[in-house]
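By letter and in written order, the chains are A, B, C, D and E; residue numbering begins at 1 in each of them.
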Amino acid sequence: MTLNLHLWLIPILPLIGAAINGFLGKRFSRQAVVAVAWTFSAAAFAMAVWAVSQFLSVGSAPYTEVLAHWIRAGGFQADFAFYLDQLSVVMLLVVTGVGFLIHLYSAGYMWEEGGFYRFFCYLNLFMFFMLTLVLANNYLVMFIGWEGVGLASYLLIGFWFTKDSAASAGKKAFIVNRIGDFGFLIALFLLIKHFGSLNFVQLSTSIAPMGVETAGTGLLTSIGLLLMVGAAGKSAQIPLYVWLPDAMEGPTPVSALIHAATMVTAGVYMVSRSHFIFERAPSAMMFVAIIGTLTALFAATIGIVQTDIKKVLAYSTVSQLGYMFMACGVGAFSAGIFHLMTHAFFKGLLFLAAGSVIHAVGGEQDMRQMGGLRSKIPVTFWTMTAATFAIAGIPPLAGFFSKDEILWRAYSSPYGSWIYWLIGVVTAFITSFYMFRLWFMTFFGQYRGTAESGGAHGRDSHGHDAHGGHGHGGIHESPKVMLIPLVILAILSVCGGLVGIHNRFENFLAPVFESAHPAAAESAPPSPSEIQHTTQPSSEEEKGTETLLMGISILAALAGLILAWLLYYSRPHLPQRIANALGGLYTAVLNKYYVDEFYAAVFVKPLIAGSTKILWHGIDQGVIDATIDNSAEGAREISDSVRHMQSGNLRSYAGWIAAGAALVICYMVWLGIR
Amino acid sequence: MSLHLVLFISFGAVCVAGAINLLVQRHPINSALSLVVVMGSLAGEYLLLGAEFVAVVQVIVYAGAIMVLFVFTIMLLNAGEEEQTHGSRVALLIGVPGMVLGSVLVTWVLFSHSGTGSVAAGALPGPPKTLGRLLFHDFLLPFEVTSILILIAIMGAVVLAARPRRIQKREG
Amino acid sequence: MNPMSQSIPQAIDYIRILPEIVLSLFGILIMLLDPVLDEDSGPRTLGIVALIGSLGALFATVYQAQFPGLGFWNMVQVDSFSVFFHFLVAAVTAVVILSSFEYMKVNDIHAGEYYGLLLFGAVGMSLMSSAVELVLIFIALEISSISTYILAGFRRNSATSSESSVKYFLLGSFATAFFLYGVAMMFGATQSTNIETIATVLRSEQPPLLAYVGVAMMFVGLGFKIAAAPFHVWTPDVYEGAPAPIVGFMSTAPKAAVFAVLLRVMYEIHAPGRIWLIWVVAALSMTLGNIAALVQDNIKRLLAYSSIAHAGYLLVAFAAMPDNGIPAVMFYTASYAAMNVGAFAVISHFAGSGERYVTLEDYSGLGRRSPLLAATLTIFLLSLIGIPATGGFFAKFYVFSAALQANLTGLVIIGVLNSAVAAYYYLRIIVFMYMREPHSDAPIAPVSPGLGLALTISLVATIYLGVLPGRVLDYASRSVAELLQ
Amino acid sequence: MVPLSYYLILSGILFACGVTGFLIKRNIITIFMSIELMLNGVNLSFVAFAAQWHALQGQVFVFFVMVVAAAEAAVGLAIIISVFRTRETLNVDRVDLLKL
Amino acid sequence: MSELNNSILTVVTFIPLAGAILLLILPRRDRDTRIIALITSLAAFFASLHLPVHLRRSLPGFQFEINNPWISRPNIHYHLGADGISAWLVVLTTFLTPLCVLISWKSIQERVKEFFILLLVLETALIGVFVALDLFLFYFFWEATLIPMALLIGMYGHGRKVYAAVKFFLYTMIASMFMLAAILWLYAKTGSFDFTVIQSAIRSGQVENFAAAAPWLFLGFFLAFAVKVPLFPFHTWLPDAHVEAPTAGSVLLAGVLLKMGTYGMLRFNLGLFPDQSRSNAWWIMILALIGIIYGALVALVQPNMKKLIAYSSISHLGFVVLGIFSFIPMGVDGATFVMLAHGIATGGLFMLAGILYERRHTYQISEFGGLATPMPAYASFFLFMVLASVGLPLLNGFVGEFLVLSGAFQARPIYGILAATGVIWSACYLLWMYQRVFFGKVTHSVNETLPDLSVREKTALWPAAAIALLMGVAPGIWLNAIDPAVQYALAPFTQLVSKLVMR
C-alpha cells in the first residue's frame, strides 16, 4: 500500500517522554516534567488523529505496517508490526484522547506530590504500552502491551509505595493479571500449534474456512475460553475482578485513565479483536456472555453499599465492563465497543470529578464525610451530574445509547436471550440507584466532613501531604488545568452517544466484524453482522419491541433515580434501617461477599503453609538433605568400624595376613583341582 | 622299615617336638633352646638327604651364630616369663583357623600332588666342589649382593642398637 | 645350566648392573666419609654425596639402556621395562634425599647411615626390577625391605618410630617367609628358579597343583609388600610412625619395584589363574583403603590408607590384560611416585621437629600461613583425587580404560565409585588448609632450597604427566611389547 | 627309601608351627624365633625338592636363605632392643601406640 | 582472518588464564591486582565478541575449529569449536566476568590476589567447557571449573561456607564420575574422544553393543548434567552454595555454571543419544516440571533474599530442560535463549543482592523494608531485573520462556500448560520479595541512611540492564545464530519423526 502512516510513532512518542522523565526528570523542575509529559502525549494524540484521518481518507482499508523483526525461531515468527482498522481507530482515539486529557488533569492533581516526575514517567509508559496493545497486528505484540499496561498499573497503583496497602494492591493487580495472562498464553500456544501464526490477518484467513463448532467443544472453543480467561483477568471479570477495587489505592487520575477508561477495557478489545474465533465457538460466546452478565449484576450489588466514593466507581466500572462482555458474548461486538467508548468518557469523567471532589475536601474519600458540595464546587458538580446521568442511562446522554444497544442485542441476538436482558435491566436499575446515591450523598444535604481536618486526614489517607502543606483551609474548586478536562469529557459524555444513532457506529465498525463470516452459515445460527444487516431496515414488530424494551430500561433508570432520591435525600435515616433490617445480607454485601477473604483462605494461605512446611522443610530439608547427610553419616560409621581392623596389635595383623593367605591358597587350590 | 625311615622319623619327631616345645614354653630362653634342638635335628635331616654342606652350615650359622645372637639378646634384655595378656582376639578367632585351614590344604597338596618320588639316603649328589662352582659362577651376583645385605645389617644394628645421640651427649 | 662359555663376567655384565654398582659405591663412600666429617657440616656433605650417587645411578640407567640383554648368566635382564623402574627408583631416591636435608637437621638424625641405607635400599629395588632369577629377586627384596625396616625406625627418640619399625620388621619377615615358601614350591613344581625356565615349563603343559599353591604363597608375600588388602594391615601404623620423607620413599620406590616383580612373576611366567584373585584383592584394597581413610585425622595415616587404595587401583590394571594393563601400571607407579613423594615432602617440612604437626587440625589455615606450600600440597592432593591436568588423573584414566578393554566393567565401576569417595577425604585436607582459620599463627619455617627443589621436581613431574602423558606411556607400552614378545 | 613327601610334610608342619607361634606368642623375641622356624621349614622343602630333581640350586637357595636369616636376625634383634629401650617391654600386646 | 578464526577460541579461552598467571607472579598489591583482573576480563570479552560477529549463520555445524593432536595414547585432541549456541554462551561468560570483578572490587579485602586468580582460572575453565569438542577436553574443563568455584565459596563465603563448598564439590564430583565412566566406555569402543567422530560412529552404528549400553551411557551423562543444572532431586546443593558464596561466585554460579549442565544435555545427550533422549524425555520433562513449580513454591517462602533467587534459578533452569527435551526447534531455541537471559537477569539480581550485603551484611528479607526511599536508584535497578526475570515482554526473560513454553506445549500440551503456571509463580515470589524489601516505610532505622549505588556499582549494573533490554527487544541478534545450530542439532530428531511418519 502506498500510504505510510508511521503508526510506530504513536506508541514510541510517549515512550520517549517516559524515558526522558525517567532518566532526567529527577533534575527537572515540575514545569519541565509536565511540559515533557504533555508534549509527548499530545504529540501522540495529534499523530493518531492525523493517521486516522489519513486512514479514513483512503477508504479505510485495513492498514498493516511492519516495523522490525522481533522473534524468529524454529519457523515461528512474530514481528513488531502494527495494524489499523476501524476497531483500532476507535480505541486509538479513545486512548490517546482520554489519555491526553488525563495528562492535563494530573498536572494539577499531582502538583504537590513527591515523585512528580516518576508519576508522569509511568503515565507515559502506560500510554506506550496501551497504544502498542491497541495497534498490534499480532497477538504477541498485543501481549507486549497487555503485560506492559499491567506493569504500568502495578507501578501507578503502588505509586505511594510507602503505604503498604498501596504496595500490596499493586502486587495483587499484577499477580491476578498474571493469572489471566496464563490463560491468554495457553490460547496463544494453541494458536501457534494449530495455525503456526499469531498474526490477526493470517489467523482470520486461515480460520475463515472453518465451520462453527456446534458441538460445544473444539479447538476454537477452547481457544476462545482461554482468551476469555485472559480478558477476565485484565478487565476484572468474575472471578478475577478482585484486584480492581483495591487498585483504587492509586492516585485518582490513574484510576480514571487505567482502571476506568482504557486498560481495563483491553479485555473487551481483545475479545472483539478475536471475534473471528468467537463467532465460530458459540459455547465460548455463551461463556463470555454469562460471565459478563453475572459480573455486571454482582459488582453492581456491591456498589450499592460502598461508602468510599472511588470504591463505588470501581465496582460500577466492573459492572459496566460486565455489560461490554455481555455484548461481546451475544455477538454484538460493535455494541460492546460502543459502550466501551462512551464508558471511557463518562467513567473517566466520573473518576476525574471524584478526584476533584477529593481534592476539594482535602483527600477525603468517604462519602459520609461529604455532602452539600453542590454550591462549593459547581463545575465539578455539573460535570459530575452529566456523567451520572450518562451512566445511569438517562436519554439522550451517551450511556443511554450504548447501554440500550447492548440490552437490545442481548434480547434480540441469536446468541442472546431474555435472561441476559432481564439481568441487564435490573443491573441498569441498580446502577442508576447507586450512582445517584453517590450523587446525592456527595453534593446534596449538609456538609458532614471538616475540610481542615480533611487536610490532616489526607496525609495518612494517602500521600496527599501536599494538601496539608498547601495551606488552604476549607473546600475549594480545583484549578483550571483540572477543570478543563472535566468539561471536555462532560461534553463528550453528553453527546458522545449520538454517534450511535441509526447504527452509525455499527456500520462504521461493520467491516471489521464482517470480515470473516463462519463458513456454512446456513447450518449455523446467522452471524451477528448478518443480523445487523437484516435488522437494518427492521420490520415493524421488531421496532415495537425495541422501543418497548427501551422504555423499560429508561423506567428502570428513573426508578433508580427516584429511589436514591428517596433514601439519600428526602429520608436520609432510612438506609440505616434497611441495612439493619437486612442484617446478615447487608454485612455480606458490605464486605463484598467475603470474596477476598475466601481467596485468601482457600488459595493463598494453604499455598504459603504448604510450601513452607511440606516442600521446603518437608521435602527439601527433611527428605533430600536428610538422606544425603545420613548417608554421609553412615559412611563415617562404616569407616569407623573398618578402621578398627587396625587394632594396633601385631598378632591381630598377623591373623589377618594368615587368614588372607589361607583364602588365597584355598582359591588357588580350588582353581588347580578344578 | 629301613634304617633311613627310622632315622627320618626319629629326627622328625625330635624336630616337631622341639617346635611344639618352642610354642608351649613361656620363657624365651627355653624357646630359644628348643629352637636350637629343632635346627640340630633339621641338620640331621639334611644329612639324610645327602646335603652335607647345608647341614654343616645349618649347624654353624643357624644353631651357632644366629641362636647365640638370640640368647645374647634375651640375656641382654633379661626378658622374663611372658605374661598372659589377651591383646588380640583376631589372631585366635581368625588367624588360627586360617592357619589350620591353609596348612591342611598345603599339607594335602604336598602329600598327594607334590609329584615327588622317594629317595634313598644321601641321594643328592652335592659335593662342595660343584656347589662352590655354582655359587661362585652362576650365582655370583646374588652372592656378591649378599655382601650389601650384610652391610646393611651391620649399619642397622649399629644405628638401632646404639643409644640415641642425645643421651650420649648428655652423658659426655 | 649356563650356556655361556666364559667363566668370569665380562664388562657387559657389569654394565647391566651399572646403576646398582654406582649406588653401592656411593653408599660405601658415605660410610667411609661419615666418621671423618664433623658434626655440623657433615650431614649436608653426605647428603650431597648421596644425591650425586643417585643422580649417577640415573645416568648409569640411561647409559645402560643402550645395552639391553641378559647379564651374569641369566641373573639380570636389562630391557626397557627394567630401565623404566631403575629410572623411577633412582629419581625417587634423589628427590627423597633432597627433601631429607632439612628434615635431618630439624630432627637431628644421624646422617651417615640414613643416606647409606637409602642408597643401599635403592640397590635392592633396582635389582628387583631387573632380576630374572628368583634367588636374586629374593635377596634384592630382602635388601630393600631390611633397609626400609631400619629407616622406619630412624626417629630414635620417639616410641612410635621404633614401634612402627618392629611391626614392619616382624610382619615383613613373616610375609617373606610366605614368599619364600612359594618360591620353594615353584622350584618343586618346575625344577628351576629362573623365571625364563619356569615360564617355559608352565607354558608347556597344564601346570601342577604345586605351582598354583606356589603362586598363591608368592602372591601373599608380594601382596604384603605392596600393601594390598588383606595384607595391608601394617601400612597405616608403619607410615604413621616412620619419618615423613622415608614414608614418601617407601610408599613409592619399593612398591614400584615390587610391582615390577609382580609383573614378571604374574605375567612372564604366566602364573595360572591370576585374574580373579587380583580382581577380588583390588576391589578389597580400594574399598577398605578409601573407607578407612574417611575419618582419619592424622594426615600421615590418612595418606597411608590412601596408598592402600592406590595399590588397589594399580591391581585393577593388573587384572586387565597385559598389553594395556602393564603400561597402565607403569604409568601409575610413576605418577603416584611423583605426587606421593611430593606430598610427603610437604608434610615432612610442615611436621616440624619431632613431627609435632601432623593432624588435620594443625593444617587449618595453612593457606593463609604459607600460601605457596599449601598450593603445592593442594596440587598433589588433587592429583591423588584424580583431577584432570594432573598425573593422577591419567594414571586412573589408563587403568580404568585398560580394565574396560578387558571387559572388567564391574571392577571399573567399583573403582570409579571409590575414587568418588576418595575425593572426600583429600578434599577435607584442602578444606582445612583454606577454609579454616589458623589456630596458631606460629610462623612456618621457610622452605630450604633442597626441599624447594624436591617439591619443584615432583610438582613438575605431576603436571607433566598430567598434561603430556604421551611419551611416558609410549615408552611403557614399548617396553611391555618387548617384555611379552 | 623314604618318600620325599614325608620331608615336605615335615617342612609344612614346621612352617605351620612357625605361623602358630607368631599368632599366639606374646614375647617379641619368641615371635621372631617362630619366624626362624618358618624359614627352617622352607629350607627343608628346598633341600627335599633339590634331592628330588637332583638340582643344586635348591641347596644354593638354602644357603642364601641362611645368610638372609642371619642378617635379619642382626637387624631384628637390634630393632627389638631399640623398642625395648623406648617401651620397656617385650610384650607385643603392649606395643600398640599406633592403631586405628 | 582465517588464521585468526582458527586461533580465536584458543585466545579467548586462555586470556584469563594468562592474566591469572600474571597475577600469580606479580607481587601482591591489591589495587593493581584488581585492575589487572579487570583488564584481562575485558580483553577476554572483546576477544570473544569476534565469535558472534564472524559466525557464519548459514553454515551448519561447528566453526572456528582448531583440532591438533594433544596426546597420542589415548588419542586426545585439542579440538575446540563453536556453533551458535556455544558462541553466545562464551560471550555470556566473558560478559559476566568483568562485572564480577567490578562487583567484588570492594567486598573482597583479604586474600585479594588469590580471589582474582581463582576467578580468572574459573573463567578459562568455563569458556573451555563451552568450546571443547573433544570429550576428554570437555571433561577436563568440566572438572577444572570445580576447584576454583569450591575454593571461592569456601574461602570467601560466609556462614556455613565449608559445608556449602564441600557439598557443591562432592555433588558435582560424584556425578561427573559417572560421565567419566560413560566417556571411557565410548573411548574404549570407538577409540576416539572426538565428539564429531563418536557422533558419526554412533549414527552409522559402528559401535558394537551400543544398543545395550546406550541407556546407561545416556544416564551417565545425564546424571552429571542433571546435578549441575540442577534438576529436582539433585538441587539441594544450589541454595546452600548460593547463600554462602561471595557475590561474584553466585553470579558466575547462577550465570554460567548451571548452564554447563543444560549445555551438556543439549550438546551431548541429544547429540550422542537421540533415541535415548526421546525415550527418556517424558520423565526428564516431568522432573523439569517439578523443578519449575517446586522451585517457585519454595522460593515463595524463603526468608533469605539470596536463597530465594537461588530457588528461582532452579525454577528457571527447569524451563531450559523442558525446552531442550521438547525436541521442538522453538523449544530448544527458547531453552538456549533462557540460558543466556537467565544468566543476565539472575546474575544482575545476585549482584544487587551482593551490593545490599556489602551495606548491611545480611540477606534476611525481614531486615529490610522501605528501601526504595533511601536508595531509589538501587530500587529501580532491582525492579528492572525482577521484571526481566519475571518475564515481562520486551525484556530478555520473556522471549525465551515464551518459546520454551510453546515448544513444550507443542510437544506435550499438558506439560506446557503446567509449566506455564511458572509465569504466575515467578510474579508471586519476586514481587512479594520486592514489596517486602523496598516498599512500605523504613522499618529498621539502620536502613534509613544506606548509601545509594556508587558509580562503580552502576557501571557494573548498567551493562547487565542494557543487555537485558536489548535481548528482549531484538532477540534476533541471538536467535539468528542459535536457530541454525539448533536445527542442526535436532536434525536426527526430525529424521526420526519423518521415519515415524513414513511407517
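As a convention for this text, contacts are C-beta pairs under 8 Å (C-beta built on N, C-alpha and C of every residue); 3 or more make two chains touch, one makes a residue touch a chain.
Bear in mind the structure is a predicted one, so any value in this text is a computation, not a measurement.
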Geometric centre: closest chain by C-alpha means: E
Highest C-beta pair count, chain pair: B-D
Reference chain A; chain at largest CA-centroid distance: B
Interchain centroid distance [CA atoms averaged], chain A/chain C, Å: 79
Rounded Å distance, chain B centre to chain E centre (Cα mean): 70
Whole-Å separation of chain centres (CA-atom averages), chain A against chain D: 98
Mean-CA-position distance for chain B and chain A (Å): 103
Residues within chain C bordering two or more other chains: 135, 139, 142, 146, 149-150, 153, 156, 162, 165-167, 170, 174, 188, 208-209, 213, 236-237
Shared interface positions of chain B, touching two or more other chains: 87-88, 91-92, 95-96, 99, 105-106, 109-110, 113-114, 116, 139, 142, 146, 149, 152-153, 156, 159-160
For chain E, residues contacting two or more additional chains: none
Pairs of chains found to touch, sorted by chain label: A-B, A-C, A-D, A-E, B-C, B-D, C-D, C-E
Contacting residues of chain C [partner chain E, same complex]: 367-368, 371, 382, 387-389, 397-398, 400-401, 404-405, 412-413, 416-417, 419-420, 423-424, 427, 430-431, 434-436, 468-470, 473-474, 477
Sites on chain A touched by chain D in the complex: 643-644, 646-651, 654-655, 658
Contact set on chain E toward chain C in their complex: 71-74, 111, 114, 139-140, 143-144, 146-147, 150-151, 154-155, 161-162, 165-166, 169-170, 173-174, 177-178, 180-181, 184-185, 187-188
Sites on chain B touched by chain C in the complex: 105-106, 109-110, 113-116, 137-142, 145-146, 148-149, 151-153, 155-156, 158-160, 164-166
Interfacial residue positions of chain C with respect to chain B in the complex: 1-2, 7, 9, 17, 20, 24, 27-28, 31, 72-73, 75-76, 108, 110, 113, 116-117, 120-121, 123-124, 127, 133, 135-136, 139-140, 142-143, 146-147, 149-150, 153-154, 156-157, 162, 165, 188-189, 208-210, 213
